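Pasting a structure below so you can have a look.
Which chain is which? They are A, B, C, D and E, in the order written, and residues in each are numbered from 1.
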Amino acid sequence: MKISIPKTDKITKFIKNPFTFSLSRLIPKTDKIASSPWTIKYIWKKRNSKIKISLINYNENEANEIQIKSTKELNNYDTQKTIKWINIKWVHNEKIIHEIWEIYKIHPLVLEDIANTTQRPKIEEYNDYTFIVLKIINFSKDNHEVLIEQFSILVWKNYVITFDENEYDDFSWVKARILSKKWKITKLWSDYLMYAIIDAVVDQYFTVLEEISEKMEELEDELMFSANQNLLNKIYSLKKEIVYLKKSIWPLREVINSLQRSENKLITKNTLIYLRDVYDHTIHAIETVETFRDLTSGMLDLYLSTVSNKTNEIMKVLTIFSAIFIPLTFLAWVYGMNFQFMPELAMKWTYPAWWIFCIIVTIILIIVFKKKKWL
Amino acid sequence: MKISIPKTDKITKFIKNPFTFSLSRLIPKTDKIASSPWTIKYIWKKRNSKIKISLINYNENEANEIQIKSTKELNNYDTQKTIKWINIKWVHNEKIIHEIWEIYKIHPLVLEDIANTTQRPKIEEYNDYTFIVLKIINFSKDNHEVLIEQFSILVWKNYVITFDENEYDDFSWVKARILSKKWKITKLWSDYLMYAIIDAVVDQYFTVLEEISEKMEELEDELMFSANQNLLNKIYSLKKEIVYLKKSIWPLREVINSLQRSENKLITKNTLIYLRDVYDHTIHAIETVETFRDLTSGMLDLYLSTVSNKTNEIMKVLTIFSAIFIPLTFLAWVYGMNFQFMPELAMKWTYPAWWIFCIIVTIILIIVFKKKKWL
Amino acid sequence: MKISIPKTDKITKFIKNPFTFSLSRLIPKTDKIASSPWTIKYIWKKRNSKIKISLINYNENEANEIQIKSTKELNNYDTQKTIKWINIKWVHNEKIIHEIWEIYKIHPLVLEDIANTTQRPKIEEYNDYTFIVLKIINFSKDNHEVLIEQFSILVWKNYVITFDENEYDDFSWVKARILSKKWKITKLWSDYLMYAIIDAVVDQYFTVLEEISEKMEELEDELMFSANQNLLNKIYSLKKEIVYLKKSIWPLREVINSLQRSENKLITKNTLIYLRDVYDHTIHAIETVETFRDLTSGMLDLYLSTVSNKTNEIMKVLTIFSAIFIPLTFLAWVYGMNFQFMPELAMKWTYPAWWIFCIIVTIILIIVFKKKKWL
Amino acid sequence: MKISIPKTDKITKFIKNPFTFSLSRLIPKTDKIASSPWTIKYIWKKRNSKIKISLINYNENEANEIQIKSTKELNNYDTQKTIKWINIKWVHNEKIIHEIWEIYKIHPLVLEDIANTTQRPKIEEYNDYTFIVLKIINFSKDNHEVLIEQFSILVWKNYVITFDENEYDDFSWVKARILSKKWKITKLWSDYLMYAIIDAVVDQYFTVLEEISEKMEELEDELMFSANQNLLNKIYSLKKEIVYLKKSIWPLREVINSLQRSENKLITKNTLIYLRDVYDHTIHAIETVETFRDLTSGMLDLYLSTVSNKTNEIMKVLTIFSAIFIPLTFLAWVYGMNFQFMPELAMKWTYPAWWIFCIIVTIILIIVFKKKKWL
Amino acid sequence: MKISIPKTDKITKFIKNPFTFSLSRLIPKTDKIASSPWTIKYIWKKRNSKIKISLINYNENEANEIQIKSTKELNNYDTQKTIKWINIKWVHNEKIIHEIWEIYKIHPLVLEDIANTTQRPKIEEYNDYTFIVLKIINFSKDNHEVLIEQFSILVWKNYVITFDENEYDDFSWVKARILSKKWKITKLWSDYLMYAIIDAVVDQYFTVLEEISEKMEELEDELMFSANQNLLNKIYSLKKEIVYLKKSIWPLREVINSLQRSENKLITKNTLIYLRDVYDHTIHAIETVETFRDLTSGMLDLYLSTVSNKTNEIMKVLTIFSAIFIPLTFLAWVYGMNFQFMPELAMKWTYPAWWIFCIIVTIILIIVFKKKKWL
């Protein structure tokens, strides 16, 4: 008999990628407790790779991308009449963050939140800049995992600084459009750039939601036919993923809502229409996660009911087998006794009569079970 | 023994019709990510059939319907002092949408939402027009499926453009009433036409809800008598349908509420009474979906309890059979042993005494089981 | 063995009375779709019985009740300086409703809602009158069913028109008090009459809630001792009734709340204190329904746990029987074998030794089971 | 075998005390329907005992308690410049309530609510007095029941009338403090007295909550070891008690909140700080009830899982016994057959070989079960 | 067979530490009922250890910590132009609290709340000071328990008094920073000190949440492989801990929110940014607790499903064993009967034929079970 020993390969693999969804990615690391209320300290394992800084510099007439070697170079571009987008990849180097602080005079609490990449999505408005924390969610097709990383945006009137926890280029098309100069709205202020970046992040959610919806539909199809421990573990890990997704996407609603409502001097009236659109997308993503939640809990009920059903069916088979053979064999046992005075044993017709009796009893029981709909 | 192998015919058939309710009908397709934030691209499989455009043109005195061949014709009617309803069926042709844009100068974000037919119901107010997205829900009687499609409405002061994802004529009676000139209120502005269209969409919901309620009552009747895997799959797919329904109808509340409250210049005071009525219908539909939800979850509990009950009953039969025959047969086995010195075997009265003993034991056990209410 | 075949007598009987709670009583009939947005059409089976119209006419000095034959008679009383209460029973005749419209110039949407008796409770304020829809709930003692019917109230400054879907006299005591002239407040405007009518409807809810609470307490007592399919079906139908009750009573809160808050010219300051009282009663009714809901879901859990318990107990009996007799009989079988060289068979002491061995094994097993608390 | 027949002693005893929590204590009696909207009628069984009226009369200098024989005496104290607290115990005598009405001119709706002691906690403000309904909750240590009774407070500028449904002295310490003149704040208005009374009622809740929490902890300890029907009934009746508690305490939040916010002329600024404190206690009580709710539903899950566990374990024992002995005995049966030509029967070594074979099979099966972790 | 008797060691150990989470730590002790509305009485067992009072005295230039012997010493420092932080450890001595009251004239209700350490987190604003109650949560690594204690803060314009229920030094780093004079913001008012203290408390929550998340992940890993009573008790006690955590952290949201919104003269504009940060951390902690809640309830479902699965599998083994051997042995029994006229017994080929028949039946049954996916 094949016993399905739970295969937790997938589950153990789950913790390898540092960006994989997990509880520890959601709780702020507490090393900071021993230090001052603000500490610029990257909380995950540091990597060897260098921090990459790219500067996209554009106005109505021209647009170009420059790879920055040292933060000091940034001062060179400060006086130009352009919109500047400084994208800092891999925030694991606290020194760089500190240098950025020296140039742009960011509030220490902001620096701490940039490095401590377990923040919940939020928006904080300061005098001349706005600080936004988002979560970028990716779906790794290799091992069917959902990956999460923090993405911080700082918006001034004419420059935007973004901090990226990973090395992937999540904003290639935004860049492409700026550099191709096809963007009719390059004359706009930095708020439109901010919108374009947020929109790209939110659109990314739908890619992930689609992958998960495919996983769910596969699970559902499997559930129609079978119910084993492996399937159960899959449903559970799906449920967890959806709980984490909700936790990552839900606060975004408030963030964008607050951008829309605020008397923020950075948000121009033209951009408001676009913010409304991205707000709508966020609501859509949140509602989809809610729907997933409902469906997953439905799956669990389906699973439990299916197992109950199967147990019921197995019991039926056992009971029918037992109920038919037990009375028959009782008589066989009776005539297997060694009493010396059992008159039936000596009669010629008793053996065939015994067989006829067996057949009659079987037929009666089958009719009874048919009536009870057990057969 | 008849083993009910789950018949998933219905479930697999479920995905054939492109408008059938499914998760993928609710998540925006993500092809757009690679392109600009707005892209006019129909996300479902394109069809060969031509887009149909009809223009209903009416004022106090006359009303007529014109089939439009090319979007350029539309300009001819632009100067007439009438209310115009341009109904564009089958939005799969992006070229047409683009041409509409050129004539009516719609915001690009609106165009994208019209073509990307996985939007959630919403309302967006622009300077001189209002954009509304609704879901039309139909119940296909052939294969007992719920169908969903997007329906977009654009309202200007004296014309209404609607975009329909399918080819069915969902608004026949609205048209009929306009053309018959029986409509006393043809003198009204376009907002009344908008109301009449929304009202038709909401009324359609009740038809679907009624069909589902019939399906539910059938299921309930079945559940009173039996509980098999097939029934379970039906409950689960019903539950999913209701989750999708909720997701499609729920946001409408906010849409109509916003129409009522807005200082929208398009909404006249007379129409407000009618909007209140359609708002009330929407609430009614939402509450009915909620009631369905409660009832379905009740069904699942009923199912699970029924299965537990049946298992319990089967166990009882097995246990009674076993408990009665096991002690009896023990004695049969005893006297089937071949020990040479078993004094009972040689006595004449032991065989009939054995039978009497069996009968007494059986009666005692039956009394015990009666007391425990197992019989 | 007694197999409890679910008796669904009660459930099938459930649909006989046209006013019995059922899903179809809650969803607007969709015949209207084919017609204009407002249609005066009674949606249930028409009855032969005539519509009854009674007019109660009262002021400080006198009060009398007149049975009206034709709607034209109503005009005769129009000029009198009295408060008039026109009570129209059995709304199945659309012609009468149409005549009422001609006299009192009610908005067509109101007429439609009066005839289409699946409305949810609501309030609509028009220029000189207020329209209220309520649900009257009764408990039929004959077949223990909850009955529901629509009751519509139209309030003008000095007359009230009510439309009743059934023929029972639900407001006998209100009438009695007016006619007996004991009512000190007959000088009040129509708003006090409206309050008295609503109060009577809400008080009626408590009668029904009390009947249901008795049904629930009976069910609970039964659940303490047994758990069969019949009981399960009773719990499920109770749960459904409570879901419907909630759907019928819940919106009333909003209705009365809106009456209290409104700058409605019909509501005098004196009546506000009474409205506050009836509002309080409504909240009380709603909270009681919520409590019922909690208790019913507790019942289902209790049921499921009781069944699990019973299965567990049955299994124990089966296992104890099997576990005690299987090892014993194994040895009986051993010595029933026909091997020619079984030295034990020839020894004199082996048969009594076999019996002693059996008794020892039994005692050991009983001790083990006692320790495991299975006995 | 010990079959645990559910002992419902506690449950049947539950209904003896008229103040015991039960559904009927929460639903307004409907006798009143037949009469006018306000009726002074005590709804529970009348008692022989006389109504007791005590008057506490105090100002800065002196404080005394007077037992009132007849309501007419009250007039004597009316002119004194003191704060008066008239405490009427046992509201079952409608005549007394009527006399109170004649003296103090209370609104008839208030009188009805005082006598009809199934009201939900509420506050109603009238021109010169405020009417508050509370629930006093007690825990009867004799039979571990929760008792509930209605307590009504009427507050004027310089006197407070309270109506108590029972005879117990719930406010002994409030009285004691007034009479001992230790109360520095006796100079305060009646609003402080009102606060002291409400505070005593709310503090009483915590005593009851503590008793229930002890009951819960006992239940939890029992659940760790066993799971029988008796325990299940206890959990269910606990759950019911908590549902009723919630229903009785929850509305108090609104009552005190409304006292705090109101522009009530009776509430002085000094008392507001105390009201904030009692509001905080109410929230604390409500949150504790919510926590109880969560824990009780957790208990039910624990119970169900424990039963499943036990069934699983019993099944294991049965299966192991059966699986080990069935193959063994099969071979015993084989060699118990009476075929004349069974060569094995005549060989000398077959009997010991049979025993060796049995031992090997048993060892193999035990290893298999060990691997499956069934042993 | 190993029967897993629930090991409740951990659970009984749970009550030893007086600060361990338990229901009684959440319900106000009711001794106070017998006394006046405010009573300074520590509700837990008194300890021998002395109360420790430390005074931290700092301004821009210097900072020092003084151990106070008697409360009278406090007066000495009153006139100094410094920010003073008086930290009173171990609040079990009511005399000290009373002395504090005499010096600082705190409202009696505040004193009562400081001593009665079962308060829910709250904020109360008085004329010249603000009173805040928080819960400090610790995780005892020794016995894996969550500990809870009350922490009260009183903030005046230039001094802060804190009352600590335990002896541990939870604020060592806050002190360290003040004393090291590295704190650039020592010139700030007392509100910044208050923020630093609250921030330390909230940061402490994350340490505890992290410990619990580790416990949860261990539990999850165990659940993938096994499901026994011990695991179930662990899940249940985890669930309880999370319910208590929620109750302790949730109200903090309101506290800090109220600090931010208030027109409190104590809060300076500079501190507002820091309060926003700590508010954000509180929301993060609350959301994490909610996520834990969701995950724990998912665990319970997983547990129940796993047990059902295992029962199902055990049943399969039993049924397969029984179903295969029962028909075979029936035939063995038949030919074990002692009828004298059984022609088969005398034929030579019947014994081998019997064996062949057995093998064929077994193969057929195995094929049937394979088809049903039971093997």
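Throughout what follows, a residue touches a chain if its C-beta (ideal position, glycine included) is under 8 Å from a C-beta of that chain, and two chains touch if they have at least 3 such contacts.
This is a predicted model, so every value here is computed, not measured.
Q: Return the chains shared as contacts by subunit C and subunit D, ordered by label.
A: none
Q: Mind listing the chains that sit against subunit A and also against subunit D?
A: The common neighbours are E.
Q: State, to the nearest whole Å, the distance from the C-alpha centre of subunit A to the C-alpha centre of subunit C.
A: Whole-Å distance between the two chain centres: 42.
Q: Using CA atom averages as chain centres, what separation in Å is found between subunit B and subunit C?
A: 26
Q: Show the residues in subunit A shared as contacts by 2 or more other chains, in ascending order.
A: In subunit A, the residues touching two or more other chains are 3, 304, 308, 311, 315, 317-318, 322, 329, 333, 336-338, 342.
Q: Under the touch definition given earlier, write down the residues of subunit D that touch subunit E in their complex.
A: Those in contact with subunit E are residues 173, 177, 182-183, 196, 199-200, 203-204, 206-207, 209-210, 213, 216-217, 221, 224-225, 273-274, 276-277, 280-281, 283-284, 287-288, 291, 294-295, 298, 301-302, 304-306, 308-309, 311-313, 315-320, 322-323, 326-327, 329-330, 333-334, 336-342, 373-375.
Q: Name, in rising order, each residue of subunit D that touches subunit C in their complex.
A: 1-3, 6, 8, 11, 23-24, 26-30, 32-37, 107, 109, 119-120, 122, 124, 126, 226-229, 232-233, 236, 239-240, 243-244, 247, 251, 300, 303-304, 307-308, 310-311, 314-315, 317-318, 321-322, 325, 328-329, 332-333, 335-338, 342, 344-348, 350-351, 354
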